[in-house]
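For clarity, chains are labelled A, B, C, D, E, F, G and H in written order, and residue numbers in each chain start from 1.
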Amino acid sequence: MVRFYDTEVASRFLLGTARYPSPESLAEAVRRSRAEIVTVSLRRESVGGGKVGHAFWDLVKDLGVKVLPNTAGCHTARDAVNTARMAREVFGTSWIKLEVIGDEGTLQPDPFALVEAARELAADGFQVFPYTTEDLVVAERLVAAGCRVLMPWGAPIGTGRGLNNTYGLRLMRRHFPETTLVVDAGIGAPSHAAAAMEMGFDAILLNTAVATASDPPAMAEAFAEAIRAGRRAFEAGLMEETDLAVASTPVFGAPFSPFAG
Amino acid sequence: MRIIVNGHECDREASTLADLLETEGFSPEFVATAVNGEFVPRDARAGTRLNEGDAVEVVSPRQGG
Amino acid sequence: MVRFYDTEVASRFLLGTARYPSPESLAEAVRRSRAEIVTVSLRRESVGGGKVGHAFWDLVKDLGVKVLPNTAGCHTARDAVNTARMAREVFGTSWIKLEVIGDEGTLQPDPFALVEAARELAADGFQVFPYTTEDLVVAERLVAAGCRVLMPWGAPIGTGRGLNNTYGLRLMRRHFPETTLVVDAGIGAPSHAAAAMEMGFDAILLNTAVATASDPPAMAEAFAEAIRAGRRAFEAGLMEETDLAVASTPVFGAPFSPFAG
Amino acid sequence: MRIIVNGHECDREASTLADLLETEGFSPEFVATAVNGEFVPRDARAGTRLNEGDAVEVVSPRQGG
Amino acid sequence: MVRFYDTEVASRFLLGTARYPSPESLAEAVRRSRAEIVTVSLRRESVGGGKVGHAFWDLVKDLGVKVLPNTAGCHTARDAVNTARMAREVFGTSWIKLEVIGDEGTLQPDPFALVEAARELAADGFQVFPYTTEDLVVAERLVAAGCRVLMPWGAPIGTGRGLNNTYGLRLMRRHFPETTLVVDAGIGAPSHAAAAMEMGFDAILLNTAVATASDPPAMAEAFAEAIRAGRRAFEAGLMEETDLAVASTPVFGAPFSPFAG
Amino acid sequence: MVRFYDTEVASRFLLGTARYPSPESLAEAVRRSRAEIVTVSLRRESVGGGKVGHAFWDLVKDLGVKVLPNTAGCHTARDAVNTARMAREVFGTSWIKLEVIGDEGTLQPDPFALVEAARELAADGFQVFPYTTEDLVVAERLVAAGCRVLMPWGAPIGTGRGLNNTYGLRLMRRHFPETTLVVDAGIGAPSHAAAAMEMGFDAILLNTAVATASDPPAMAEAFAEAIRAGRRAFEAGLMEETDLAVASTPVFGAPFSPFAG
Amino acid sequence: MRIIVNGHECDREASTLADLLETEGFSPEFVATAVNGEFVPRDARAGTRLNEGDAVEVVSPRQGG
Amino acid sequence: MRIIVNGHECDREASTLADLLETEGFSPEFVATAVNGEFVPRDARAGTRLNEGDAVEVVSPRQGG
């Protein structure tokens, strides 16, 4: 089980709901991912509308999973805070994936606005899931602001580059042994997700790698297996890497050996 | 009275945020709202008067990553 | 299903039987790995004996899996060929994992002796699984000798370094689209195995990473999941890696955007 | 007669490989054999005479990677 | 020539003065590095003293190089600002290498205190050389604060790990085409320095890799050559990396070819 | 000085003569590289000719450097051996860069034909410089055949990928402490060359990265500097890489520290 | 009067920062100073009175990275 | 007589390799030669008779990597 504030879930895979070829594909992907938490957003409703949002919301509710609303697209603390408040009302949850974009090219978070928004939202009773970098000082500020979950990037959103700075992520895990750490964004292949779990991260959040696969539901299942594999390996105690070879088959008693045995 | 709804400038007579949602045909229970950048909770909509130039946001659930 | 000569099996995970803390641990690891093929060896029987080999052989037979005998420890083509013949008689299979060691530090195969032994064994009716490097020319000679399976190393035996030369392995897969390619040796973590499968390799053979884990049966299951994940991802069509970020949540219609929408 | 069995030099009177296996107490059906580096199939053991200095291999199944 | 505010120098190598086995070794290393700028610090003078600082200061003045004082060891903006002011008075320069440490394990900068101190110092007439990470948003704030030089880390101070996040550094160079960018800290070998220069960075600042080498003066010269090499290569236009081989020797007219030519 | 059989030269940079934009560019590149050895080839002379070869040969002689003829384009031991004999007569040297191509996609050497040709040529009095892979067993055979110089690839010819398998190259250097080892092919940037020299390789042979640069003579000089830098660093004793940060500026006596000092 | 000089608590009678430097034998032109965390320029030292519990910093050039 | 010179099939009367080089205008001291895949040293050219179908290689120095 992995803990997100006062909630415990069995699945360590959080899945995004965007960019799927069809609603059926999304629904099937969520099912095969066995995810218990999916991310959602708020967008402007078309005039005379309510239908689009309504339909999507029904689809998600039918999936029987928890939702984690995000503040994607916000560039200031104020917009993020007000988006979070709108999300809490519509989705009926105090969970918020806090994204405050600071650079268009990398969509990297703005650490200043992120910490400010996290403080305000925590004070207002939100349970904040901040999308951040591997910067330890920013992470410390977020924890000080009340965050019990941190979501460092693997690589920029949608790049599929995997773990861009394994050294930094490893240090982050070591630095925050108690905080729930989720690698979010940049994961492109199941092997990337497994590698993060083997390092001891608590969970993985991704979207693009599943939604843009040729077969999204199958890819969702592949990631689910890889995440379980990585976690299981972390708990089963991975071997130490060595520089020189060590025979697996016993050396002693080899046929035709000049030595007795 | 000219106001801005979801970024579109338009001319409306709605005196409150609640009126606007109704006249525009938004289903009140499926949307969230903000005026001039500040969230307006559902139960405060009726009491929120709209003034010339106000920017209104009406949002609903969508796909997200 | 993956094909080894005229045999097809469902599991793409071949597991070694050496270096486990106990026979029970080995048996449980094989069960949880869902492997259908395990590697075994021949060693000198103690005088007055037959008991040790007997006991191990019974244990393996109880597992209900196919055995792939190896020629581990041989340094010449002649020793490898004669070891293979002894293995065929004892294990009752014409499958042979052909290992001819050429260097003690890396336990790397001797390409010259390997090709010579492969020729002789193929001519003698064996179905040869040669342990080789990513060298394309050596691989071509092995195929010319009659090998329908090639087993390139990931890294030296027992190092757990993973895929030491991904570029070379990628080229090898591209060069031999039809041959059954198994990454054998050097795999240290499930993420390594998944990465090889994502490249399109047909199967993984490993031993040390499972046998020397703190909990070998759990690690065996972790590898099994990762191998399935990697294969599933390969078939589901992985996303292309990009250099710059791409938003997953739709950009259009973001609240508080200055633009209409 | 001095022969080498699995690398051990020893003094045996066995005239054939089959005799040797029996006198040494190896279970014939669980081992494979070679003499002087060449495999000797099960059914050739009785016909394989051992000579002074022969190197005999008697092997059985073991763990392998 | 490379520009640091209103000063232009020929050498793209900035050298630290700490951790040398002897003053002679330091002096010789600086000479052979051909560095025109060295970093220095302020430390508490021993009571009855002035001698230690005096001697070191004379040594540096004899080297005939510019000094770049640092604020090493400061953990708050206030301490860094006051250390900078003391440095300006003693060293007679308005240049300051601004270090505000935010984490003891990595000695990574505290982005919040760093930006605050940079603002204050720039307003007070300093020419600030901030030691920062590859974070683009923090970098933007530093530029907005008036910094015309940025010094992103290669890896944590003293680790010698080289360029820990080449992807992030590459994006940073692309993002700030006009700003003078110096890779500072973590460089362990000349090849690391050359790689950074090949990416288009303007200069390299390092200390430990030279001072703790077996032969510091020789290592200083090695770095000087590598930095020149990397810069020259950047200007000479590096080839594009390709995936498949391309013969260098002309293929046409090869002896014994079956084709005419 | 570096030794090639009974010849010692000061420069550790061997430069190829192909693919330059003009003969002037080639000549200037050789000058600025300070190379003392350049590689050349033999190609079919046009009927009525002798002029083309003549002109090129005069140009090379004017450079006052040693030539290392290659057998580029040969696919069999026999063709390589006869090309070597023709080269010895025309170029008046018993040095031969032995290339026997085994695969068109990677231009990788054919280890079988390579060893066979090396044996024959060594027996015929040639001093063989074999272009090989990092395979230790093949390398041992070449040494046994009489080779006193080995030239492992960095990456496939013309790819500019650098050092494709640093682990394998490191082991090769350790395995052959006495043999002259030259990294040949695949080097794309000075930082790659410096890295190989830092590992203790004796020299670098390259062509494409210089000849196809925007400014070949400048790139030649850049590589020359990087190769000297790498060698100097190897001799000056590189620092050990560490995982956690270590302050360079003394910690003791920092201003505003709460501790006495 | 108890003051803190470079982190050492001590008992001094110096009434100004300039006095302190002189009585302590610091060479005024080679050091920089701060009192209670704030930089004190050279020409302000004479005018800077020291009070009970003041923390004084006296620093000079050193090696740096 | 049909022979192959550097891969080109042609009709020549040259009786020896030396003759061929001369009639073809190759400068003997700047080229190396082979016949049917085997190197022919300079001083053996005059003594090397050419026969129907022989494959002759005439090569000279070129750029190389």
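We take it that a residue touches a chain if its C-beta (ideal position, glycine included) is under 8 Å from a C-beta of that chain, and two chains touch if they have at least 3 such contacts.
What you are looking at is a predicted structure, and each value in this text was computed from that prediction instead of being measured.
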Would you mind telling me which chain pair, A-E or E-H, is linked by more contacting C-beta pairs? A-E
Which chain maximises the distance between its CA centroid and that of chain C? G
Separation of the C-alpha centres, chain C versus chain D, in whole Å, is 33
Measuring centre to centre with CA averages, how many angstrom lie between chain B and chain D? 94
Between chain A and chain G, what's the gap in Å when you average each chain's C-alpha atoms? 53
Rounded to a whole Å, what is the gap between the Cα centroids of chain B and chain C? 62
The positions of chain F in contact with two or more other chains are 16, 18-19, 41-44, 70, 72, 79, 82, 86, 105-106, 108, 157, 161, 207-208, 247-250, 253, 255-257, 261
Residue list for chain G, restricted to those that touch at least two other chains: 6-8, 34, 37, 57, 59, 62-65
Contacting residues of chain A [partner chain D, same complex]: 247-250, 253, 255-261
Can you list the residues on chain E that touch chain A in the complex? 102-103, 105-106, 108-112, 115, 133, 135-138, 140-141, 155, 161, 164-165, 167-168, 171, 174-175
Can you name the residues of chain A that touch chain C in the complex? 16, 18-19, 41-44, 70, 72-74, 79, 82-83, 86, 105-108, 156-161, 188-192, 194-195, 198, 207-209, 211-216, 218-219, 221-226, 228-230, 232-233, 235-257, 261
Could you list, by residue number, the parts of chain D that touch chain A in their complex? 6-8, 34, 37, 57, 59, 62-65
Where on chain A is chain B touching in the complex? 16-20, 26, 39-45, 47-50, 52-54, 56-57, 60, 69-70, 72, 78-79, 82, 85-87, 89-91, 97, 157, 207-208
